[in-house]
Amino acid sequence: MALAIVLVALVISAVLFHAFSPWWYTPLASNWALIDTTLSITLLITGAVFIAVNVFIAWCIVRFRHRDGHRAAFQPDNRRLERWLIALTGVGIAAMLTPGLFVYADLIRPPPSAAVIEAIGQQWQWRFRLPGPDGQLGSTDVRFIGPSNPFGLNPADPRGRDDILISEPEVHVQVNQPVKILLRSQDVLHDFFVQPFRTRMNMVPGMVTSFWLTPTKTGRYEILCAQLCGVGHFNMRGHVVVDDETGYRAWLGKQRVTLASFTPPPRTTSTAMAGGSPTTALVSQGQALAQSKGCVACHSPTTSAGVGPGWQGLYGKHERLAGGTMALVDEAYLREAITVPNSKLVEGFQPVMPKIDLNDQEVNALIAYIRSLSTKPAATTAQQ
Amino acid sequence: MNDATLARPPSDAAARLGLWVLIAVITVLFLQVIQAYAVRSDSIDWQRLPALPLLGWNTLTLLLASIALQAAATHQRRRIALRAAGLFACAFLIGQLVAWQQMRSAGFLVAGNPANSFFYLLTGMHGVHVLGGLIAWGLLMIRARQGADITSGTRLCARYWHFLLLVWLLLYSVLFLIPPATLQVICGGG
Amino acid sequence: MAYPEHEHAPHSFWTRYVWSQDHKVIAVQYTITAIAVGLVALVLSNLMRLQIGFPGRFAFIDANHYYQFVTMHGMIMVIYLLTALFLGGFGNYLIPLMVGARDMVFPFLNMLSYWMYLLAVVVLMGSFFVPGGPTGAGWTLYPPQAILPGTPGSGGGIVLMLVSLAIFIVAATMGGLNYVTTVLQARTRGMTLMRLPLTVWGILVATIMALLAFPALFVSAVMMLFDKLLGTSFFMPAVVSMGQALAYKGGSPILFQHLFWFFGHPEVYIVALPAFGIVSDLISTHARKNIFGYRMMVWAIVIIGVLSFVVWAHHMYVSGMNPWFGFFFATTTLVIAVPTAIKVYNWLLTLWRGDIHLTVPMLFAIGFVSTFVIGGLTGLFLGNVSTDMPLSNTYFVVAHFHMVMGVSPILAIFGGIYHWYPKVTGRMMDDTLGKLHFWVTFVGSYAIYFPMHYLGILGMPRRYYAYDNYAFIPPSAQQLNAFITVAALVVGAFQLVFLYNLARSAFNGKPSGSNPWGSASLEWQTPENPPGHGNWGPALPEVHRWPYDYSVPGAEADFLPQTSTSPLGGDDAKPDKDTP
C-alpha cells in the first residue's frame, strides 16, 4: 500500500518539479528550433508513458494486493493485447524518430553559403582562425606547430598567408549568417559546446570535424569544453559573440594578425608597451598570458586552490612544501616554479604542472601579474 | 583461456561445446583486430611489411603440427604423433620469435610504422594462443603417462590446432596477401 | 548427465571455502568480492558528490583526485561490481540449480575464473598506490587523453587499469564458457530451453554477449598498452602535448571509440538482461502469477541481445565519425526500445490480476520497473541523434545511465539477494531492515537522479570539477547540486543497513524452511536447503513443467513446483483463450 502511495506521490512531484523547475534549457540563439521541438515531442510521449506506467503499478498494488482467500488469475498469454501494445509502441517510436531524423539531415548538411571559421582546442584554451580576403583557410598540420606558428599553418600554402589568427579565447560571428565551424585539436579530444546553439561537435586531434548553425540572436555566449580533456577540463573557457553586421565588421577590422605578422612576444625587455606605466603593461601582459597559456585552468586568480594553488595573496606568503619545510613565495620562488615545474612541491598538490614555453620577459610578466594579485583587492581579478 | 580441455569435463559433449564457444570467442578477438587493421591501414603513413621467407616455413611447421595431431586423434599409435605435434608447435613458436628478430634487425621496429605494430600484435596474440594450446597438450601428455584415456582430449586438441592453423592462414593473408583496399571493402570501410 | 555420486566432496576448510570448485561457494566468493569493491566505488561517488555539492569545502578533493574518483567509480561499478555480480555471482549460484545440474561443467575453470577476477581487482586497487595514483581519464579511457600528461594517473595508473581489464576479461571468458556450456549441455531431464526460468535466459544471453563483446575491450586495452608502453600509434595521432611534439603519428582516436563502444553498448545489456530475468522471476513469484507472455519475454531477451550489437555508435554522435552513420544508429537504437517496452508491459500485465505480496524482494522488483522505465525513456532522448546534440555529455546523460544501468540493476541485485538469501544460507534476512533499506534507496535514488536530468537540459556538462563563474548556470543550480549531494550521502550511508542485515542474518536470521516464498522454480526443490555438494542428493530431479505454474485453477496449493507431476497447468496446457 505504502508503495502505491509513494509511486503516485513520485509521479505528482515529478510533474510539479517539471512545471516549476527553474532549470531548463537556455533561450535558443540559433536556427535549431527543430531540435527543441523534437525534444518537446519526446518529452510529451515519454512523460505520458512514465506517468501511465507508475500509476498502473500503483493501481495494481491497491487492487490486486494480497488478501486472504484471494487467488491470482491464471493467464499465461494474450497475443492480441501484446500485438496492440507493440503496434502502439511502434507508433510512439516513429513519432519521435521521424522528426529527429529530418532535423539530423539538416544538421549534417551545411548550406554552401555558410561562412567558415575554425576553432582550435588545446589543453586548456581556445583559439580561432578566420579566412582572409581570399575566403579560404590554408592547410595545417601539427608538425608545423611551434612558438612562431602556434596554429600549425603550412608555410608553403598560399591560401593560409592571409588567414586571420585570433589567440584570445573569443570569436565573433554574424547574426543570421550561416556559419560552418571547423574544429581542430592539437593534443586531446575536446568538444565545442555552446548550449544556446544546441548543436556541437567533438574536436579530434589528427582530423578536422565540423558543424554548422545560423546564429539568430545577438549576444555573448560561453563556449564550454564538453569532452573530458584532462585535469583542467572544467576551466577551458571561451566566448562566442554574435554581432549584427556593423558590429561584426568593426570587430573583424581590428583582427589583423596573420602568420607573417604573428610574432612571439619579444625576447628583450621592452618597456615601451602601448599606454600606461611599464608595470601596468607588464601586469596586463601577464594576465593575457595566464589566459592564453592555460595557466588559469589550474590556478585561480582568487585564493581558492584548484589543481594548483590560487594566486591571490600568494606572493609574500609562506608556503609549506611537501616534506614539511617552509618557503617564502618571492620572485625567485615563482621564477623557479614556472621555469622548472615541480622542482618544489607545495604540500597537498600533485606534481602535474607542465613545462610551458616562455621567454624571460613572459616569465617576468607572469610574475608581475601574480604579484599584482597580492596587492589588490579581489574584485578586479574576477573579470575576463 | 585455453583450458577447455584441461578441466576434465565429465562428458565429451560438454567439452566439445566448450571448445566451440572458446573458438568463437577467439575468432571474434582476431576479427576485431583485423577490423582495426583495416581501418588503420587507410592512413597515408601505412607501409606494408615484406613477407619473410621464414614465415612460410613457420606456416609449414604449424601445418605439420596440425596433421600430427589429427593423426594422433584418428590413429592407434598416438604417443609418437602427439610428441611430433608438440615438437612442431614448439618449432613454430621458435620460428616466430626468430621472425620477430629478423624483422627487428631489418629495421622494422614495433613503433616504426602501424603496419609493423600490427604485425607484432597479431603474431604475438596468435603465439600466445599457440602457447595456451601447448599447455593443454602438456596436460594431455601427463595424463597419457598416467595411463588415462585421452582419446577425446586428443580430438579436442586437434580441433583447436586446426583452428589455430586457420587463424594463422587468415592473419598471413591479411598481413601479406590481401591488398589493404580490398580488406577495407570487406570490412565495410572506416 | 550422470555424475558419480558426490565425486570430490571437499573436506578441509581450505578446499571447501577457499580453493573451492563448488559453484555455490564460488558464487559467494564472487558476490562478496564484488560487494566489497562496490563499496569502494560507493565511497568514491560520495566523495565526488561532496565536491560537486559543496565545491572547495573539502580541500583534500583537488581536481586530480576528483577525476580519479570519477573514473574509478565508473569503471568499478560497471565492470567489477555489476558484471561480476550478475554473471559471477548470480550466474554461478543459480544456473546449475535452476537447470538441474550438480555443478558447472568445468568446475576447475570456474574456480580459476574467480581467482583471475580477484587478481584483476587487486591489480585495479593497486593503482591507488602507484605514483600519480589511479587513472583519471574517465571510465571511457579515451585516448589520446588517457595516456598523456595533463590527465591524472597517465603513468602507472592507466597501465594498471588496462592490465586489470585484460585480466578481468580472461576471467569473464572462463566463467562465460562455463555458463553457456552448462545451460546448453547440463540441463536435467525434462528441462527444455522453453522451461528455463527467465533468470537463466537473461544470464545466458548476457553471457553470450559478454563472450562476444569483451574481446573488443581486450583488443583496445592491449592496443592502448602498446601505444603507452611501446610507442606505437594505433590510436595516437601526431600531437603537441603541453608544448611538446610527441613521436606519435597517424593513429585514430575514433577507432578506439568504435572498439570501446562495440564492447560498451552490449555491456549495458550484459548488465540489464540478467536484471530483466531476475525481476521477471521475482514479480511472478511474489505476485503468485505466471509471468505474462513467457515466449515473448524470451524472444525479447534474444532480440535485445542481437540488436545491442548494432547500436554502439549512438555513443558517438558527436565524436566526429562519419555523420551518415547517425541515421542508421538512431534507427536501430529506437527500434531496440520495442522489445524493451514489451518486457515492461509484460511485467505490468503480470502484476495485473495477481495476488501481490509486497515482500522485500517484490518491493525491489517493482522499484526496478519504475527506475528502469524512467532510465529507458530518457534513453530515447539520447538515442535520437538530433535530440542528443544538446544533451550529449551533460548531466542528462549522467542521470540517464545511472537510472538505467546504475540504480535499476542494483535494485534487481538487492531484490535477488533478499530473494535467494534463504537459499544460500537457510535463513531469512530481516524484514524491517530490508524495508528500511528499500525505501531509502528507492526514494533516495529518485531524489538524486530525477532533478539531475534538469541540470543536463540546462546544459551543465558532466565531468566538471567546478562550475565557477559560468554565466549561464544560475546560482540555484548549485543549491540543487547541494541537495543531490545530501541525498546521495544518505543513500550511501543506508547501504550499511543492508550490509549489517546481510552479515547478521547469516547467523541470527529466522530459519527459512526449504521454500519460504512458495516458488515453483527448480532451485527451491533441492532435497536439502541450503543445497549440499552436488545439489540434488542421489538422483537428479525430473522436470515436468515450466517454472511459472502459480495459481493454477484446480490445484490445491497456489503453485506447482517444476518437479510436480500434476496434470494441471503446465506449459503444454497453456490456455490461450484470447487468441482467435
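By letter and in written order, the chains are A, B and C; residue numbering begins at 1 in each of them.
Assume contacts are C-beta pairs under 8 Å (C-beta built on N, C-alpha and C of every residue); 3 or more make two chains touch, one makes a residue touch a chain.
Everything quoted here is computed from the prediction, not taken from an experiment.
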How are the chains arranged in terms of who touches whom: line, ring, star, complete or other? line
Closest to the centroid of all CA atoms, by its own CA mean, is chain C
Looking at contacts between chains, which pair has the highest count of C-beta pairs? A-C
How many Å are there between the centre of chain A and the centre of chain C, using C-alpha atoms for each centre? 32
When the C-alpha atoms of chain A and chain B are each averaged to a single point, how far apart are the two points in Å? 48
For chain C, residues contacting two or more additional chains: 250-252
Which chain A residues sit where two or more other chains touch them? none
Touch list for chain B against partner chain C, complex: 1, 3-4, 6-11, 13-15, 17-18, 21-22, 24-25, 28-29, 32-33, 36, 39-40, 43-46, 110-111, 114, 117, 121, 125, 190
For the complex, give me every residue of chain C touching chain B. 1, 3, 105-109, 112, 170, 173-174, 176-178, 180-182, 184-186, 211-212, 215-216, 218-219, 222-223, 226, 230-234, 247, 249-252, 255, 258-259, 262, 322
Contacting residues of chain C [partner chain A, same complex]: 56, 59-60, 62-64, 67, 132-133, 136-138, 142, 144-145, 148-152, 237-245, 250-254, 287-290, 292-296, 318-320, 323-324, 326-327, 330-331, 334-335, 337-338, 341-342, 344-346, 348-349, 351-358, 363, 366, 369-370, 373-374, 377-378, 380-381, 384-387, 389-390, 392-394, 439, 442-443, 446, 450-451, 454-455, 457-459, 461, 463-472, 474, 476-477, 480, 548, 550-553, 558, 569, 571, 574-576, 578-580
Show me the residue ranges of chain A that touch chain C in the complex, using the header's touch definition. 1, 3, 6-7, 10, 14, 17, 21-26, 32, 34-35, 38-39, 42-43, 45-46, 49-50, 53-54, 56-57, 60-61, 64-66, 70-82, 85-86, 89-90, 93, 96-97, 100-101, 103-105, 107-108, 122-123, 141-143, 145, 152, 183, 186-189, 191, 193, 195-196, 198-207, 209, 221-222, 224-235, 298, 300, 304-307, 348-350, 352, 354-357, 382
